[in-house]
Amino acid sequence: MAARRRKKQETTKIQPKRARNLSPGTVAYTGKKTTTVTQLDIIDYSKEHYDRFETHNIEDAFKYEDSTHITWINVNGLSNTDDIVTLGNHFDLHPLIQEDIVTTNQRPKIDEYEDYLFIVFKMLHYDEAEQLTNEHVSMVMGKDYVLTFQEAEGDVFGDLRERLAHGRGRIRTAGADYLMFAILDAIVDNYFTVIEFLSNKVELLEDKLFDDKEDPNITEEIQDLKKEILKIRKAVVPLREVVNRLEKIETPLIEERTNKYIRDLYDHIIQVNESVEIYRDMIWGLMDMYMTTISNKMNEVMKVLTIMASIFIPLTFMAGIYGMNFDHIPELHFKYGYYYLWGAMILVFFGMLWYFKRKKWL
Amino acid sequence: MAARRRKKQETTKIQPKRARNLSPGTVAYTGKKTTTVTQLDIIDYSKEHYDRFETHNIEDAFKYEDSTHITWINVNGLSNTDDIVTLGNHFDLHPLIQEDIVTTNQRPKIDEYEDYLFIVFKMLHYDEAEQLTNEHVSMVMGKDYVLTFQEAEGDVFGDLRERLAHGRGRIRTAGADYLMFAILDAIVDNYFTVIEFLSNKVELLEDKLFDDKEDPNITEEIQDLKKEILKIRKAVVPLREVVNRLEKIETPLIEERTNKYIRDLYDHIIQVNESVEIYRDMIWGLMDMYMTTISNKMNEVMKVLTIMASIFIPLTFMAGIYGMNFDHIPELHFKYGYYYLWGAMILVFFGMLWYFKRKKWL
Amino acid sequence: MAARRRKKQETTKIQPKRARNLSPGTVAYTGKKTTTVTQLDIIDYSKEHYDRFETHNIEDAFKYEDSTHITWINVNGLSNTDDIVTLGNHFDLHPLIQEDIVTTNQRPKIDEYEDYLFIVFKMLHYDEAEQLTNEHVSMVMGKDYVLTFQEAEGDVFGDLRERLAHGRGRIRTAGADYLMFAILDAIVDNYFTVIEFLSNKVELLEDKLFDDKEDPNITEEIQDLKKEILKIRKAVVPLREVVNRLEKIETPLIEERTNKYIRDLYDHIIQVNESVEIYRDMIWGLMDMYMTTISNKMNEVMKVLTIMASIFIPLTFMAGIYGMNFDHIPELHFKYGYYYLWGAMILVFFGMLWYFKRKKWL
Amino acid sequence: MAARRRKKQETTKIQPKRARNLSPGTVAYTGKKTTTVTQLDIIDYSKEHYDRFETHNIEDAFKYEDSTHITWINVNGLSNTDDIVTLGNHFDLHPLIQEDIVTTNQRPKIDEYEDYLFIVFKMLHYDEAEQLTNEHVSMVMGKDYVLTFQEAEGDVFGDLRERLAHGRGRIRTAGADYLMFAILDAIVDNYFTVIEFLSNKVELLEDKLFDDKEDPNITEEIQDLKKEILKIRKAVVPLREVVNRLEKIETPLIEERTNKYIRDLYDHIIQVNESVEIYRDMIWGLMDMYMTTISNKMNEVMKVLTIMASIFIPLTFMAGIYGMNFDHIPELHFKYGYYYLWGAMILVFFGMLWYFKRKKWL
Amino acid sequence: MAARRRKKQETTKIQPKRARNLSPGTVAYTGKKTTTVTQLDIIDYSKEHYDRFETHNIEDAFKYEDSTHITWINVNGLSNTDDIVTLGNHFDLHPLIQEDIVTTNQRPKIDEYEDYLFIVFKMLHYDEAEQLTNEHVSMVMGKDYVLTFQEAEGDVFGDLRERLAHGRGRIRTAGADYLMFAILDAIVDNYFTVIEFLSNKVELLEDKLFDDKEDPNITEEIQDLKKEILKIRKAVVPLREVVNRLEKIETPLIEERTNKYIRDLYDHIIQVNESVEIYRDMIWGLMDMYMTTISNKMNEVMKVLTIMASIFIPLTFMAGIYGMNFDHIPELHFKYGYYYLWGAMILVFFGMLWYFKRKKWL
């Protein structure tokens, strides 16, 4: 069992590392996903125009800045910090922002700068081993560009890219602010999926709990669920604050007509929050529930013991009496002594049964 | 037991589905009640006038718009989203509102638009199987019309329709704002009924808990009560915020004289909230209570075992002594040896009884 | 036991009924105390004047309105709603107020109208069966009159009436606002008494809990205490808000010099609140405490069993050995075999005793 | 045990009495310390002047009013309410203040009047029997005088009086506001001492809990600690609000330069508050901790029983087999039958030992 | 075990001493680390200049005041209070500040004075014995100097001093305000390290908990973890308030460009706070988890006992029957009686096995 746990420690760890004792603004990657190359995925679009371009060369991204289109530069891989610095400096990002982009345990937040908004959030998903993993994502939204930085390839923006490619919805006719909204919207929609997955795990554990078969790992499973809900909370609760502030920010970067969408997003993140709190309460309550099922089972064990012992110990005593070797035990010489005793024993037997029946133990 | 649970999972599920990864504003129904046709129930009234009309044709509803009467259009069935879009577009409802109307897990909320208010709430009731079900209801209140959208036929507005038909109370003399209030009032009054039903279930479970007969399903029943109160909370807590904001909104859509009624409504929803919190605490406390009754019962089981074993094990030992086959056991040859031993045994027997009596175990 | 509980259900019910699905403003009595006649107790006073008058005729109360004295009309009995409506209409009370007067589960609140203040509160007391009962009381305070509405005869205003009759304190020299304060003050003072009674019940239960004698009803008694404290809370917590708002209201109905008294009242209701919270914590903690005492007792039971069994089972085995009928058991033929065995048995006996002593179980 | 508890009830009572159903402003003493005479301790001082005077005659205090010095009149004994009224009227104290001075369960508070501030607080100390007692103290601070009212002689102002007598610190050069601060500062410093005492009691109980020797009084001791921390909280939490308001009050009675000291006092009372909350959490957690130690002990008891029974019951059965009197039991006539059986028994014995060893129960 | 605990008491104590009943502003050291000499470590720097100087003579520090460079005077050792007063008076520190510098249990806070800011915080670290220790540190930040006061040598500013010496980062080009930030930043970064250490302890304890081997010290270890997290909280929670106020202070002492860094610091301290709350919840939950593992183990113990007893007690009874000495027991004389009985016994044996198998206890 110890072995099983040790294997899991890496993913169940709630508090990840932070590069410490460095000068503030130092860009030092703190995550685990180290790829050799930084990969850029650039989408350049307007109502009529659509262009997608993938590259490993940072400088390739610079030319899109002058276009009148909206440009979404998605960066996969943060371990190559020189690339991040190059891109960051080109877009004039403050050193503290560059530090936050590669600090994978940075909590979700929003920072307003004069020319751009900087938002940090977490992408959650259950991997094949049903372990909850979270990926640190940062986003910079400027006048006509959006930068997103992910730890590794793979994200929840597939449908969004489809809508961009095929011009579905209003995305191609709106600005960078709407793209920023759409990215956050995809993240929040994904949180609903994650919570539903968690909800299924809770349901399964509940059913297991009421099962007759004992499973000594239940305490551990409850503990793991606790950690998962804590991880989700760490992503969701601060994002709620981020969206709330996004709704109130006074900035020319966000158009009036996008506000309704941000309000809708806020409404959804509140709903995610409430579900998280509900599942938190439920998971915390599972331990108490498990405790009562254990006690119920022990009660049954004890009853079996008590009934068996209470019936047969007196009978054994009765047999012991007439196994004694005293010279003078008159009953031994009764003609039907043996049968009389059997009668008495059967009486005691059924008397005990009746007693336990009355006590409702049988 | 597992089978019983599996059957219930559908209704006890707290976190329902959300259509995900769709473009914001997409009108995709997320509920379970899929009917083939959308059914409209239209009431058109003023102080002197009363007209009621049922139809499946959306366009039929349009002609009431020009009337000087108040029009209440109640829509049953959300699965036919084209109908919702048709009606929504006719009344100029924002795509996000149309999305919320068919998103059955949308939490209660109020949105202010220039020409109308949009309110989402939940209709709760216990079905014949005593399972708590909730129905997603949306309401749009304009200058002289109220639209309500329900998942399926059947609601708690029967008495309200009666009052409209017979002109009881002030409803026929008041505006669309008072109709909106009356609808919410019927909902909140229904919450009182739901809580009373829940309160009876809690009482019954409590009595069961103190019963002598053990019932291994009690933990499950407590768990189900927890989920029911959580479901009620999810409907009630955000509605409180809705009514609070309704009280404070500055809009020409609500007349001054209706404000007193909204304040009264707010007072009632607060009362519902308090009851919900109280029952939440009570239900959460049931598990602890159950735990002590289990422990009390185990205590009694153990006492029976201890008393039986403590009395008969020493006696059996005594009989065992004189069942031995040593050549020289002088007591065996005493004339009254057998009777002496019985005397000693009776002494031990009553000594043990006295001991347990003193310990107050008997 | 079930019988005992069933009898109590009426009084232990936390959530009372509400007349539902009625038009807002409908005056329908929801309480249990139905008397055939409404009884009025009128006190008309000024510094020099004092007059007390009891009647069953509502119209008798109308003549006092024109007097320059302060008039306190106390109404006992709410089931005769026509009388309430007659009186209410005469004093120009809004239909919603009339509804609240007879809605016995209306929570404590204050409503400001132009010509009067409307306050709802709860009168608590322990009846002869030591059951906590609460009575719904409403008060209307106008320029020179105070109306109070009670469910039935009997209240906590005896001393206040004495002070009015004998002109003790400043009551006869002050206005209707001071009378309103004095009524609330009597209510709050009574809450102190109720809490003291509850505190004694808690103390008694605590002592019972530490008693040696087991009492299987303790869980139920704790549960009943929980319900009582919840009932008190439902009366006290919203009244705190009422008095707080009373302190802040800007109205010509309340004189400047009365404000100091209202502040004092607020101070007292806060104190009641704090006591309620403390007893709530204490009562909630009793269950945990009870759990440890049960476990302690079970521990003792198990020790007795373990000691008895551990001592006598090995001895019985030893006796069993020499009760066997093998042809060749040399020890049986030793001259002092029987005595040797006794020696060994006594050794084992004291060895076990020493072992349990060392373990501190004896 | 019941006797021990009954003795304690007086001191462990959380909710003390309140003189009830009296006219507001009635000066009726509610405490227990009734002395026949009221004792005054007057200190009159300025930078150059110092005079201390003790008397039982209230009128003696009046002459100090005209002096240009600061006068501190400390009153010991509140049961002689006439004296309190005489002094109160001389200093023009409102009847509600006079009531609060003798109402010993009045919670800490601050009232601002035009010419003085009125502050109520609690003096805590552990008496010789290690019981926590609290004393009701009121303070009136005017332009050049401070009145303090205590239930009985004995307080925590000894060092403060020393500093006044010897002119240490800035006290003699400052005004009545600094004296008021210094009195509160002595009270708050004393709270640190009380909490340290409590902390030691908690430490001792913790050590007891981990001791091997069982102590059935531990539940009671935890319960008593709970009550003590609740008592401390009742004194400390509202005083925090008092000092906070003291910091913000705009009054000519408090000099600008005293504000820094009041801020420092506020900082200290916050620190007391935090410690109280920490110890509250700790004490509440003790019950859970105790529960696990009980369960651990029961586990050990059960293991001993299980090991003894599991080893010797099968062996006894084996011996029982060959104690039977069947005519034909071939083994009984084997030459080494008895020794073979011993061999089998020893095998079973060590087999069981090995089994329990493997289960890590030994 | 008692001995082990007594040794630890000094470090596990949550509530340290406070010099009591002294005149406010009295500079009396309350800590434990008493060194004979006060040690000063002075760093004087500007963009071009760097000078480091260590001394025991307080006056040596005075000459740096006139330099145009930034001066950081770090004081190690607070027990020599005369030195603190000398330095404090030279820098014009208010007596209350001087008191706070040497009051080692002063909680983290910020005080604004006209010419300087005064900040108190705690330095945490795990010593070699894995005991969490905290050191009281005060900081005064003036126009071109920063004073820091520590209880003893050794701190977490090593990297910061390196950056100063080698001019890495922007520290040498910025003002005293940035130095103040950098010091707090080093403290907060260190909190991340401390929490990670704690997180490892929690992980280890969790693994221990799920181990098969029982460890009676687990309750104590959980209790110690509780105390550690409480200690961390006492340092972290108020520092959050400090940094929050630092962000909002309007003072010429802090340059505009430093604000971004303080905001970043605030973001980090919030993150520390959240981690602390998470670990607090986790550690509090460990006790419940431990409880279920104990109960699970007891369940297994009871099952072994019940199975052994239920199988062998009836068999022993059967053997006992035929060990009786009645004159007439026909079965004893059956030719295959002994074998028939064995058959019956084997039947009972497997019957019981089957029964327990069906109950899933085997």
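Letters A, B, C, D and E mark the chains as written, and numbering starts fresh at 1 in each.
In this section, a contact is a pair of C-beta atoms (placed from the backbone, for glycine too) under 8 Å apart; a residue touches a chain by one contact, two chains touch by 3 or more.
None of the values given here were measured: they were computed from a predicted structure.
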**OP:** Would you mind naming the chains that touch chain C and likewise touch chain E?
**Re:** D
Subject >> Same-site or different-site touching of chain D by its copy chain E, using the half cut >> reply: different
Subject >> Superposition rotation for chain B onto chain E, Cα-based, multiple of 5° >> reply: 145
Subject >> Chain centre separation in whole Å, for chain D relative to chain B (CA means) >> reply: 42
Original post:
For chain A and chain B, what's the span in angstrom between their mean Cα positions?
Top reply: 26
Subject >> Sequence positions of chain D contacting 2 or more other chains >> reply: 212, 288, 291, 295, 298, 302, 305, 309, 313, 316, 320, 323-325, 329
Original post:
What topology does the chain contact graph adopt: line, ring, star, complete, or other?
Top reply: ring
Original post:
What part of chain E is in contact with chain A in the complex they form?
Top reply: 156, 158-159, 163, 168-171, 181-182, 185-186, 189-190, 192-193, 195-196, 199, 203, 206-207, 210-212, 260-261, 263-264, 267, 270-271, 274-275, 278-279, 281-282, 285, 288-289, 291-293, 295-296, 298-299, 302-303, 305-306, 309-310, 313-314, 316-317, 320-321, 323-329, 359-361
**OP:** Please give the residue numbers of chain C that touch chain B in the complex, ascending.
**Re:** 1-2, 5-6, 9, 13-15, 17-18, 20-26, 94, 96, 105-107, 109, 111, 212-214, 216, 219-220, 222-223, 226, 230, 234, 284, 287-288, 290-291, 294-295, 297-298, 301-302, 304-305, 308-309, 312-313, 315-316, 319-320, 322-325, 329, 331-338, 341
